[in-house]
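Two complexes, one shared chain (subunit A), two partners (subunit B, subunit C).
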Partner chain A sequence: MHEFRVQVGPAGFRIGSLWEGPIRTLEELYRDYPTPTITDYSVRLEAVSFLRRFIRPSVAINGDYMLPDAAPLPLAHALLAAEMAMNVQMALGWRRHLLLHASAVEKDGKALIMTGESGSGKSTLSAMLGHMGWRFMGDEFVLLDLVTGEAMPFPRPISLKNDAIAAMQAQVAADRFGPRMRGTPKGDIRHLVPPYKAVQSMGVPARPALLLFPSFGFDAAVRPVAPSEVFARLTQASTNYVALGEAGFHALTGLVKDVPARAIDYRNGDEALALVNQLWDALA
Partner chain B sequence: MNVDGMILAGALRRPETTAAYDADAWNALVSIARAEQLLGTVARRLSGIAVPPEIAGILNEARIKAEYQRRAALWEADCARRALANIKGKVVLLKGTAYAAAGLKASEGRHIGDLDIMVARDALPAAEKALVAAGWEWVKPDPYDDAYYRDHMHELPPLIHKDRDRMIDVHHNILPLTAKPKPDAAFMMMQAVPLANGLSIFARVDMVIHSAAHLFADGELDGGLRNLWDIHCLLDEFADDDFWSELHARAVHHGLWVAAHRAARLAHRVYGTEIPSGWRRQHWQDGHYIKRFTARDAWGRGTRPFLRLLFYVRAHWLRMPPLMLARHLWIKWRR
Partner chain C sequence: MVALPTTYLRKENAQLIIAPLDAMTVIYHRRSGITHIVADPVPQILASMDAAPATASDIVQRLAVLFDVDDVEVEDIIAARLEEMAELGIVERVRA
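== the complex of A and B ==
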């Protein structure tokens, strides 16, 4: 097994691969990140069968925690397999924070949290904001401290999909991007390494100040969301809410009580950014 | 690094030896313990022992998980208790849930998955009806599998609760009806000890015998280190002047002395369990069992495929007579 270790926020990963190629790609993509010695989770990129190691190589997504029905990916998408496997470790393993499937950015010590279905644009919005004066905290998971309620960054490389790739390529230097993976189950995917300062300050938490539920593809609008609905939607967005029991309940109700929430609709990035800035400025 | 499951056995047996671990050893221990579902147990054993800060975080997480599983398991047992309140005879909790309900050492940090219970065989139809009425549903609607369970197995086909998504296995014996040993299930039920909440647990010797039967006379030895740790804890907690002769007599009565003796012997070898000196003489197969139990590499992956295959074949051989096995494998293979 070829091996690569990386620290992302509070979690350390050990990634083993039967092939050397994916390890080289990961080393390049995570070049700004620290290397831990003891890791929290192990991930394994392995051949589906002995033949599939050599002929039309196919990557099985394995690790300390595994989904029973995870479909294998072609070797060309091994980077995606590694990212998915790391997500699985967090989703099924992490119990040290309340885990929300959400993106987040920070300004003045305060966090803007965005959550929604795949395709809502939360990842792209966090990438855009993270390159225009905000600190990027993560596009996949937000970790809420069970005692203080603060959001801990988990700033993995941003997984850009389809049209979002060109939009970010127009703004960011080419050497910050990973390889373009074509024809994945979610279309084309290309990873963007977060700005250096986002990685450097990945141990610095921020207090949640605004919660947004973005929806892409509708006329620009802002709607209030009732606390009961916020609560219900966040229980859906959390992978460990149930397993954390009372501590999870307190962290989540604390967030719902303390932080204003809005649903926003938008048709393009500029509209979304205008709405975000307008709502953020209204907080002060 | 040349590591196998012995690193996990060593950490459980003598937690203080982890002081000599480097990062590779810790990473191997964590991955192997997760694969064997023993990290919660490791966390309990290492309580109060100085570990690197990264490991303290990992072990604390494992404690949170084990506590959640304990709570969920006891709640699930209570749901079953309410559903089965009107069944004639005892409802006996088995394995992890029983250890947790009885507050036994074997439950400390233990992973608990499905709920396993046992009722008298003639109470089975009523129990099934009551559970279905309370929201449990069949997992395997396949007619062959269903008939197979009902005709030859020691349990009903597994049921899952439609709201809570938790599985229950309802046993009426501790081994498949097709296996060679014929445990005296009625006697086990009679000897079972009622808890304050109305559910029961096996008498202490039957608890050990069930665990040993489950490990050696039935399964493919997956999770062997975990089952053997249960046995270690049970023997350690129950041992007194009368216990060993009682265990011997009862195991002979159930036709399970070979399994019970092997369990005690291997627990002694792997975890250092105190057992009577006359029980310690080794059997030539013991080493193979230990090799099978510890067949993991530093990434937690299963190793020793040939040995695994041998024990897989053995498990099926023990479960049913040859002609029946052939027919069963033929039907399964055609799917």
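== the complex of A and C ==
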């Protein structure tokens, strides 16, 4: 078994793999990250069956926490399997923060949190902003401190999909990208290593200041979102709200009462960035 | 024999955490760990209930002091909401 250990934000991961290739790719993608002294989660990439190790190999994901019906992925997508497995550990196991399925960036100590369905553009927007003077905090999970209400970064390599890959390749040096994985369940995926600054300061929290619900593919528009709707949407965007009980309730009502929320529609990245900047400037 | 009206008791304050947001209020029920999102008049009904059991009619009278409740059907509405809250465990039926 080949092994790789990595610290992302407050969580330590140990990834074991039957194959060396995925571990080398992970080492490359996470080259700026520290090695944890304590690991919170173990993930294993294993062969679906003994022979499958050699003949058209498929990767089965195993770990401390598992989804019972996770389908095996071809070995070419082993990196995706490892990233998905790390997400599952966080989503099902983490209890130290309220976990929101969201992306976040920071400026002047204040966090902009973006949440929405897959395809809403939250990941791409955080990647773009993270290379335009904002600090990238994460594109998958935002961790809300249960006592202070601050957002803790969880800056994983950014999972770019389809058209977003070319958009970011135009802006960022080629050596910051992982391999292009074609024909995954979500189309083509290529990981982008977060800016060095984001990894270096992944222990520094930020106070949530604006909550956005982006939707891609509609004429540019901004709508306020009522606090009760924000509350309902965020309970759905949280993987551990129910498990946290009262602590989760206080963290979420605190966020909803304190932080303004807007839904934004956009047709392209420039439109989205203009809307984000306009809303952010209006906060000041 | 005349049936006595149902009387309800609000769960002790420690069991409920109530956070008004806008037209909706969220209520966390400690014993079940369930969050309820409720609209008017549920928060007003809960606010009007004290340590003593109350009927729907008692609550209408208390709310009439604070709000215009001249609708004749208001007692039916309050009674229906009380029954729903009893099913959720937010209030308790103390005499059926």
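A few notes on this one:
Everything below uses one rule, namely that the second predicted complex is superposed on the first by the 284 of 284 C-alpha atoms of A that agree within 3 Å, B and C clash if a C-alpha of one lies under 4 Å from a C-alpha of the other, contacts with A are read in each partner's own complex, and residues count from 1 in each chain.
One rule holds for everything that comes next: a residue touches a chain if its C-beta (ideal position, glycine included) is under 8 Å from a C-beta of that chain, and two chains touch if they have at least 3 such contacts.
Quick caveat, the model's predicted, so the values are computed rather than measured.
After overlaying the two complexes on the shared chain, residue contacts for A:16 are found with subunit B alone; subunit C is out of touch. Contacts of A:253 after superposition on the shared chain: subunit C is touched, whereas subunit B is not. In the superposed model, A:39 lies in contact with subunit B only, and not with subunit C.
By the touch criterion defined above, A:235 reaches subunit C but does not reach subunit B.
More subunit A residues lie in contact with B than with the other chain of the pair subunit B and subunit C.
In the superposed pair of complexes, A:1 makes contact with subunit B only, with no contact to subunit C. Where the contact sets of subunit A with subunit B and with subunit C meet, they give residues 245. For subunit C in complex with subunit A, the residues that touch the partner chain are 17, 19, 21-24, 26, 28, 30, 33, 35, 37.
Remark: subunit A residues 1, 10, 12, 14, 16, 36-40, 42, 44, 62, 64-65, 93-96, 243-245 touch subunit B in the complex.
Here subunit B touches subunit A in the complex through residues 23, 26-27, 30-31, 34-35, 52, 54-55, 57-58, 60-61, 64-65, 67-68, 71, 299-301, going by the rule given at the top. Listed in rising order, the residues of subunit A touching subunit C in the complex are 226-228, 231-232, 235, 242, 245-246, 249-250, 253, 256-257.
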